[in-house]
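Please find the structures below.
Next come two complexes built around chain A: one with chain B, the other with chain C.
Now for the complex of A and B:
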């Protein structure tokens, strides 16, 4: 493990550094006397700062991914083995940053007026530090970093859930969130301490190699159990899902949107990385059984989570709670897929599974963003989040009604929308790996979910509106909803570009540079950039 | 001679106390105290494993003593403080609305 760090290594963390600089500026600039008046006058300067920082982060992540502008991906983990910057991590980061950017646009055009001007810097720095923690989750390869990333994503989320201090619901939501999160992270740490005690290392790859050589151990079981609790909390997996609907209902709607996609994208990327690393080194006979057990367990957790989310959504009358249970169900589908990574019976191609997940994350980000954006407009107009407020939306603003219908049908998995291809890819991977029971669970769950996705549509079309006033929408909102619609249909009608992108960018670094156990001496030399490009080209074919 | 076993026993007792506290307390600060007990159980584990199992192993291989466990424990202490700060601020805000921090009163959001 290299002791020192080169500048090129630091530059691989450029996206995170952009956010970090913006967080510091957002906290310090508003208290500097010459600038204070400007920041007290409106939210606009800080919003612009956050948007510029996110754009810079997106651009630098894309530059790293494509190898342009002199930025290249390292062929090993950086920061002394703490994080790894590879195609998979960067792709998830780009999804998180773009999503955060759209959430900030949503906030600035719908709910920004609810945040006091003196609270603006705190609010935006919390959102950006949440995004920072979530993108670190996608990169972490050391269990210390896993813990730090999960906490770095959680702490801002707790504060954001309770940011609307005047309301009872918001304070209750943040209380539940912080208590459950604290318990989950404490249990995770106890499991990790046992893992450290047994293996003497916190490095994910080193642990995976030891597991492959030695098989089952108490330390491994406790560590995996702890990790599943910690990550399962972020993903709202059953049985630690019950914070999710309460927090989603209590928090402000753009925070709900942010938590429903960005936070879960980071957490599922972390889970996939852990499962894939364990599965990658599992050639040994010792490891086969225990990894099969872990994978089956994770798959079962996914099935229970998806089923629970879909059944509980039946009884919801609040649109945010409905979408919360829908997001629990979608997290369940993604956890089911993560289970495949160690449980597959066949000779599996891990990048195939990772690409299905990346594709799904893109689609899921678009459709959830759209559904929450329409819901935020309707909720702001009527100052109520009940599903009844959607009554006759088709007569009040036909664009919003049609868009909402498309997003809900995409969440259900209707053909011609991205949600369909996402689910088809999932089912295809599960079938390929010989996990037919996951395919059955996926199909049954999709059928279950039809009713509650249709419910708002029926209300929009057939119920008489309570007010006949035409719903006016800010131009920026049309932009956000339009982008989401475009994304849903672009991935639904022409899934090939997104598929190709996901396929090219689903590789993880350990697959190209880490030799098998006891072969450290025969590390292949050569230009790592060329090697990685060749690997990408192979993966794309 | 006090060895690894003693420390693991201490940590297991702390863990048990923490879980029992979390399950029985209805006061939010009480639950936070239970969480701190579990965190300290993890800290004791990490430091004891580092001292008894892994620091010497690295020296035997000619390297500097391993400090992974100690570092992890340091980070846990710092983040536990940050977590307590956020949690107490949130409890205070809850208290302003409900005049109690009994979690049984947090019943507005359900279903």
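Now for the complex of A and C:
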């Protein structure tokens, strides 16, 4: 199929284009002689540029979503079948962009002063390109694009993890991240090449149709395995999670926040899209068996990840490591849910699962942002990230202590906070799909997690503070924490609006327009490569 | 108007809590705000009770029938996507407990008048706790109930953890984790309801194809009742749900073997918090059993009667023995709570009218007597700074008026006739013996049905009754060690250390109620009678024979 791109197709990628323009400007403008002095004087102009670009991206994404300002959603994949811009992708993108915006605000009020002025452009362009990669992950519908998106998100992350050039820990974190990332990419690429070798196509829908028609194959196994490694790396799934605590500890706190939420949002969206597409096209009994196997395996990975994260968090004394393991556990819950997408199809309601996940992402973004923001204030004040620095926080700044308590309890899943509804929805979906063992795992994990979420609260309330100085906080910081607190309670006390939003915006393109393909109709005749070419053509039309 | 009162009872404490936090560097004002809040809520509660019991058609259950058996209902959609409502109202099951809570609140804030550490936060947290307690007793939506159940948990955690004794952190986290495991059991049942109910319910338990968490509707839906009954579609689920709910509420009660958090929490908690913990928070467990477990799963309750009764009997006897072994005064009182709450479990388990009434009365009576006992201990502890029973002696001589009131309090705990501890225990035991007839006549799947019933029930009853003697043993022994004997000079208090008017007030009011309830138990039993008849209609056929046998 010829790659014909109309203007309206280009416009569907407007959010990404906004970021792209900002990245180019951030890289080029500071070296232009007339502007040089301005950018050398302060970080402010570039920060403003990044914020404007992100705002533009958010606005254009919202416009696309609502169909206003002449923008409409395409009902098929664009860029020659590489990406798809649908409700689900756009919703995840909006979450990522808003989050990136808050991360930049966090940066400008906490660590910006420590960053050299000449490094500002690098930093901001790296953050923006990270966000660009992550938003492409939410859209990718071709395995080549999957790989590119993951790499586009990973490379800036590697550099950002090591951005504190002066500290040894930061460099170590960066190196660890690169090495594990390289292994993961290599394995993923290997798996994808097997997939291509077997099916002759990298198009997700085409592969899903072939799987539905032909059932199990070595290529599929290898491909799924490679993909799980690649996505699992971004999600810090066990057993490729080792980078996560080290990177979170080594990187500066806003990068940690960025990696723990935005990066995982993109990756989980990608996983959901792949699983859902595979599940959607499977109609034959044979295919179902395979998909049940894949779904069960993914669910199992989720269970192991969550359990590992929760248990390892018990022994942490560094607040960033503690939150890192907590984010591993939360990634585990999300992977468990993704497993549902193919594991059970008797009364399958994929949109229900997708919206449960979107809702969870919203809540998770708020509570994680809040917890990291408070942690960053405390860590900056005492220049140590030990949990002991939280001692007596209640006496030093009651707002921070109460807010941190709320975030931690929301991460645990206390009623009246958003985290509770996130988990309850997961439980509902799992039970609904008949995966009772996932429900049991979720509950046991929740109980496990209580102790280490309470630990910082205990320290805040009961330990005597090491210094009696009142903690002062920048107004922007109060703003970020306030937004996070508001989000946690808004989704906790009145979850209906967020639920409705998630429900309305969790549709995916293939569900709207492509009816499930009859298994017999696409059975290949003869040479698999030729057959798959036909499939690509069909899928593209 | 009355509907507004019901909502005010829940939210006035919350407003009061915010009010408590506002004054800067003025703890006295915070205390006043807390006290005024408690008094306002008490007045509202009394007005509500008057309105409730003067309604035409008897005590609360409107004769027009349907599901409007509860009065003063507020029903607003809260979370539409899962059909959760903000549904609150009053019936005979909640009214006496609400009155108990309101009375105790005033007394407890008075008891906490001398808290000096972070007074503002103490009062604010206490008022948040009040919010949770009223919410639990007023909520009629299962989910709302769960939320308030949790809400009452957090302030308690901090109240024990910040104002407690030397091992406060340990006690607080133990309390938190135990109770939280209980609420997760509750959550699992709710999840189960959400998926199972729409398939079988035929009445109000289903709205728009989705489960309604309305507890009254769940209990009265005939389709659901049928599915949950023996041999019904969900009989196995019913058993599981009953057990999960029982674990959840038995932790709160607490019953052996889930009781170990209680002595720790009580020993470490400050006096006012011990009072509210024993006086009201434990009752949430019993109340929840009566409100949720038994009405929704009548057949599972029959199936489980022996297990539940065993838990009750073991709690009574084991709790009493543990109390006897203590040298820490407060721990003794804490174990006595375990023992006394065992009568609540036992009275419910045997499914007779006398047993149920006894269980309910025991909750109210124990609410008064245990709060009083903890306060009596606290009064001495604040002066002597220790609670070692073996070091006390002769308080009778040095603090005569206090000892007079103490005698009322501890003898009420002992279960002396004409004091509030007696009717509950005796009704619960009568109910136990009275259950022989229905168990003999019960179908085969009920444990010990048939000829084995007599021996089993009598054995249980004898063990439970021995609790009365054990209680007398440890209370009298304690009384002897602390109050009797020659006067010890170190326990002579004069001047500022004398028992003050505020403390006499708290003790006198509690003593008054202890005597009132002992002399006139019908005041509580009349309040609950109509509601019990309506809620426990599935058991009426059992109880008529039993109470007829007793002439009750």
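For the reader, a short list of remarks on this structure follows.
As a working rule, the second predicted complex is superposed on the first by the 512 of 541 C-alpha atoms of A that agree within 3 Å, B and C clash if a C-alpha of one lies under 4 Å from a C-alpha of the other, contacts with A are read in each partner's own complex, and residues count from 1 in each chain.
The rule is simple: a contact is a pair of C-beta atoms (placed from the backbone, for glycine too) under 8 Å apart; a residue touches a chain by one contact, two chains touch by 3 or more.
For clarity, every value in this text was computed on a predicted model and none was experimentally measured.
In the superposed pair of complexes, A:428 makes contact with chain C only, with no contact to chain B. By the touch criterion stated above, A:326 is placed in contact with neither chain B nor chain C. By the touch criterion defined above, A:462 lies against chain C but remains apart from chain B after alignment on the C-alpha atoms of chain A.
By the touch criterion defined above, A:194 reaches chain B but does not reach chain C.
Shared-chain residue A:397: touches no atom of chain B or chain C. Once the two complexes are laid over each other on the shared chain, residue contacts for A:246 go to chain B alone; chain C is not touched. Put simply, more of the residues of chain A are touched by B, taking chain B and chain C as the two choices. Interface residues of chain B, counted against chain A in their complex, comprise 11, 15, 18, 22, 28, 31-32, 34-35, 38-39, 41-43, 45-46, 49-50, 53-54, 57, 66, 68-69, 71-72, 75-76, 79, 82-83, 86-87, 89-91, 93-94, 96-98, 103, 106, 108-111.
Residues 78-82, 146-147, 150-151, 154, 158, 161-162, 168-169, 173, 176-177, 180-181, 184, 187-188, 191-192, 194-195 of chain C are the ones touching chain A in the complex.
Against chain B, in their complex, chain A makes its touches with residues 144, 147-148, 151, 155, 158-159, 162, 165, 168-169, 171-176, 178-179, 182-183, 185-187, 189-190, 192-194, 196-197, 200-202, 245-246, 249-250, 315-316, 321. Against chain C, the residues of chain A that register as touching in their complex are 409, 414-416, 424, 427-428, 431-432, 439, 443, 446-447, 450-451, 454, 458, 461-462, 494-496, 499-500, 503.
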